[in-house]
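Look at the two complexes coming up: subunit A is in both, with subunit B in one and subunit C in the other.
Right, the complex of A and B next:
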């Protein structure tokens, strides 16, 4: 079904978009992508290797490669396979999910302030976690992963229902405001519980920062299908976002069913962001900055923005995770904190350097 | 709203239905719209009622007539003591903070032309929060020390945002994006501090970060009242510029506004309002985001509605504090919890029934 959508939408887009595009810019852009995509992939690969090699006990890269293919009974092999590989996988999956979810949200709402948290995902997941730890007394991370996911899904469904009520359906401004309002509501409830339950706050403050090591490796396998479906849907929605960027009227004239595109996009963002927050907590900033970075690199084409977001998201997350391990050795800094400390100055520098197009 | 000659045509069309009042010879004119006036009067009445109720109810409930009498300077000495030393400062902090957040929110949202760009989102409150959390964890109480730190944090963050967004001029869009970056940095720093603190201290800090009117006294009212006495007249003077900037830089320039000067003046005033209000009561959640949006929808004008925003802000904070103290017997919910819980459905309801689909300013 999703693949069918993808085929349909990409063929529609080609016929709709190609006459508009100035012919001489096509080859140059394509050349840039032919270089840039492999570069991004190589960087990501190197970061994966570093993520497995570096840490409190660093392991030589050639030894890492050897251990990856043939695990033995040494301590190093244990570290690689029990600890470093799972957290690298978490970083890859969650980084890509956050990047794509952010790109979707910004495209759907046409608002550069939109991030996966905007439609209430983080706040919903937070409430799920707080209620399970605070009221049910479940403190094992596996215990609350599904509550976090359920909270995220419920919140985003509520936002979508409220944002699409009334005249005009789910317009960007209404969605964004409904998201902000529901976030406000849920966040207040979270704070209310935390202010009276010190034990819940004790656990929650660690969860809310975001970490790649919060959940055991098996959980990744459970949540991965949701994220995969979300990613396919997101890829299928990207071409339609290009039409949507021209405005609702033009998009309709180009043959888009605007309501359907928004619904599909929101569903994809829900799966991606909900999965990510369930796995690693509400890591801020990746979903916000990465699509902006991707847009600066590629221009306004959402198909490329989606691809680069999926590549750059995990790169940033892994780089931050590695840095967090190295800076505070033998202790660790949470990835959610480091990602902001690295990402924010970089983001500000980019904002200053380029002339920005408004969405 | 003052309208200069240049904009009169456009404004008259936009505000069809209002009554235009012109001052002879000066060329200045105002459009008085019956709905705005009516809404403002109703809101003012609601704020006054909430203020009296806020003073009257607490651990010891006072009869309303006694409260009004002692607010006017009479009444018996016991009531006067409770009112003047305990309840009045708290209610005044709520009133002034709400107004400051409401106006600042309207300024920021209009200036950046983005309904999500409240000071909560773009870094001013986050800067104040980090500084205050650091202060609380170092053992400063909730008195003048924390107030000063929060003020320095808020103004410092705003100045940093402006400087970093400056590149032969600023644009609203760049300010928002840089603001997000600074907000994220400050929030991370706050989270880090909370992780390093003990649970009890973390809870104290969270209480401050939620925003609360508990134990506010004249020490909190003084600086805030002075700041508002200076800043609110500035807002009134700058309102015509704000009205022009809402159409975007190009149009504002065409209307003859000094765009850069107008923007820095408005930002400075907005940041000042938020910083002083945050210093007094903490960053009371969502008031600055929600109040201008509610005001816009109540008044039904396309532009910024500054006075109604201030009134809605005050009402939300005061009503929130009353509710927070009455909702759960035996516990005092901080006002920041309640503003979110009560304000959000309010905004959602307005959102659902409004026909407006624009960005809301």
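Right, the complex of A and C next:
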């Protein structure tokens, strides 16, 4: 689907390589968006329908449509309403959250290889999960989702505190280093818990791969407000990222409070990535590949990158999830595995195709 | 993620995780025709008897189920065994000095897998799959190490550690893949006899009689409930598993006792793996669900899946425990059979 958008908007790819220009002066690009955004929306809508219609169990499409409007007590109705619809909703929310979180992280740290895990989000959430399932014995997803969230928040707070200490405040390089150090620390704690408590493993093993089916639908409703707040904050931060891309000095000269932008961005990324990781585990690559792809489509304007990331993220996640259901019938592959398998070569191609745009 | 894998095996997902390791070996196994040898539980039995020196002194030999002949200058006294064979030997009167494999549950109680073994009289040399505390093992000065196998998979002694462990003492392996419970118990009895136990002792005889009575109870119940179909299943968050009666010695035995066990079409290493959407593929009047406390889902958790909740047996309330952790001994397995007879006796046959 992304390819489709990509083809449609290929006309503006050339300009993506040109120097940074204020987007207002490029009306042609706005026209492209008028086409590309609806196309992305339609593709996403189609993927949602596919996600509900396709699965390891074959149910005729017309039967699925019928069941969608009028559920009955059949097994097929149960599959559609209690399995496929919830996992589609998870895919939409988590995909959008990961895509936006990735775009934020790349913009904030001006690092094209940044992903939501950079600030220790995944490792913090992992520790939260093993601690609850292992030490507290809470294995119900409703129980550990909050600890995963809390772990992510705590980790990112620690990274931010470490990264902003000393001269110059929270610079991208310092944040990345602090993130790497905290991730290593947390990961070793996770391993320690797992080594001592094998019982912690059952749930963790499932969670850490990344799946859209691990949590009951109610949990999504609980976590959704956090992700929504994160999304609003992210959208509000996007224009400031454009100034930040010109360098700290220029951004400050343009009247941006760089420290405040970073703090707000980090808070948004935490809510988005923390919520996504708590819901579906640390799904890799979405947060890394999607903003890159969005940048290919739109050029350097972070407002558009943010929008496309929010649209393409769930598209990738849903497409991967559907593929995972179809290729291993009657078994299923986890979405985390499929995304990585698709994402890795795609990412390599992307890196090889053009020099990564420096941010 | 090899880090996560080893303890996962311990956490009760043994059979399923093994499936993966097992699959890697599966091709080789089929090719060498070992599979046939494993299925045939009679093979190699005589050798155990022949080799068992009744006298405690003098040379001792035993041919294990891989056909490996173990020769020692005298009968082994100090045994280190995996939980399952340890429990089996214990009930025949042979008390191992050391154990490896599951011994305690997550909450610190004695694991059902260890059977009647008195943990205060034994030393643990490791609990996780492939975990051997070598110094402890060596300090126990074992004469013989005993474990079981499922096909080519030597239980709890993976290739990585096999050589090291073998240097401490010879390893005797009892095959359990596709071996029905009484055949397995008999084989454990042969090993116990070779080690100096009396398989005809009053205690063993009584246990065997009780076991046979319980088995007759299952047969009678199965006869009374003609047409009752039984599926043996297990569920994790990832998948739904349907057990293959040709692989699991207990399920195979239930089948031999006259129960109509649902056979999955494409089993791999003991189970057909299904997605949760496909969990309703095999219908049965009665479902026996994996009772292991760790790893799998509880009855309540299973209720979250429409394909489980809506399955005929679940709707009819005909779900019972599959006691996968019970070691194959007369003493321990009798209860499983009695429970099964009671469950079958109560079951309705008109569910599907």
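Observations on the structure shown:
Following the convention adopted for this analysis, the second predicted complex is superposed on the first by the 322 of 359 C-alpha atoms of A that agree within 3 Å, B and C clash if a C-alpha of one lies under 4 Å from a C-alpha of the other, contacts with A are read in each partner's own complex, and residues count from 1 in each chain.
In this section, a contact is a pair of C-beta atoms (placed from the backbone, for glycine too) under 8 Å apart; a residue touches a chain by one contact, two chains touch by 3 or more.
The shown structure was predicted, so the numbers you read here are calculated from the model rather than taken from an experiment.
Contact with neither subunit B nor subunit C is seen for A:253 once the two complexes are overlaid on the shared chain. Of the two partner chains placed around the shared chain by superposition, subunit C is the only one that A:56 touches, whereas subunit B remains out of contact.
In the superposition on chain A, A:352 makes contact with subunit B only, not with subunit C. Shared-chain residue A:191: touches subunit B and subunit C both.
Of the two partner chains, subunit C is the only one touched by A:214; subunit B is not. By the touch criterion defined above, A:327 lies against neither subunit B nor subunit C after alignment on the C-alpha atoms of chain A. Judged by the touch definition given at the top, the superposed model places A:65 against neither subunit B nor subunit C.
If you count the residues of subunit A touched by subunit B and by subunit C, you find the higher number for B. Residue contacts after overlaying the shared chain place A:206 against subunit B and subunit C alike. Of the two partner chains placed around the shared chain by superposition, subunit C is the only one that A:83 touches, whereas subunit B remains out of contact.
Residues 191, 194-195, 198-199, 201-202, 205-206, 208, 334 of subunit A touch subunit B in one complex and subunit C in the other.
Residues of subunit B touching subunit A in their complex: 114-117, 121, 164-165, 167, 171, 173-174, 176-178, 180-182, 184-185, 187-188, 191-192, 194-195, 199-200, 202-203, 206-207, 210, 285-286, 289-290, 293, 331, 333-334, 336-341, 343-345, 347-348, 351-355, 357-360.
On the subunit A side of its complex with subunit B, the touching residues are 111-113, 118, 162-163, 165-168, 171, 173-174, 176-178, 180-182, 184-185, 187-189, 191-192, 194-196, 198-199, 201-202, 205-206, 208-209, 284-285, 288, 292, 333-334, 336-337, 340-341, 343-345, 347-348, 351-352, 356, 358.
Residue ranges on subunit C touching subunit A, taken from their complex, read 1, 3-4, 7-8, 10-13, 106, 128, 236-239, 272-278, 280-281, 294-296, 304-307, 309-311. Residues 55-57, 73-75, 77-79, 81-84, 137, 191, 194-195, 197-199, 201-206, 208, 211, 213-214, 216, 325, 328-332, 334 of subunit A are the ones that touch subunit C when the two sit in their complex.
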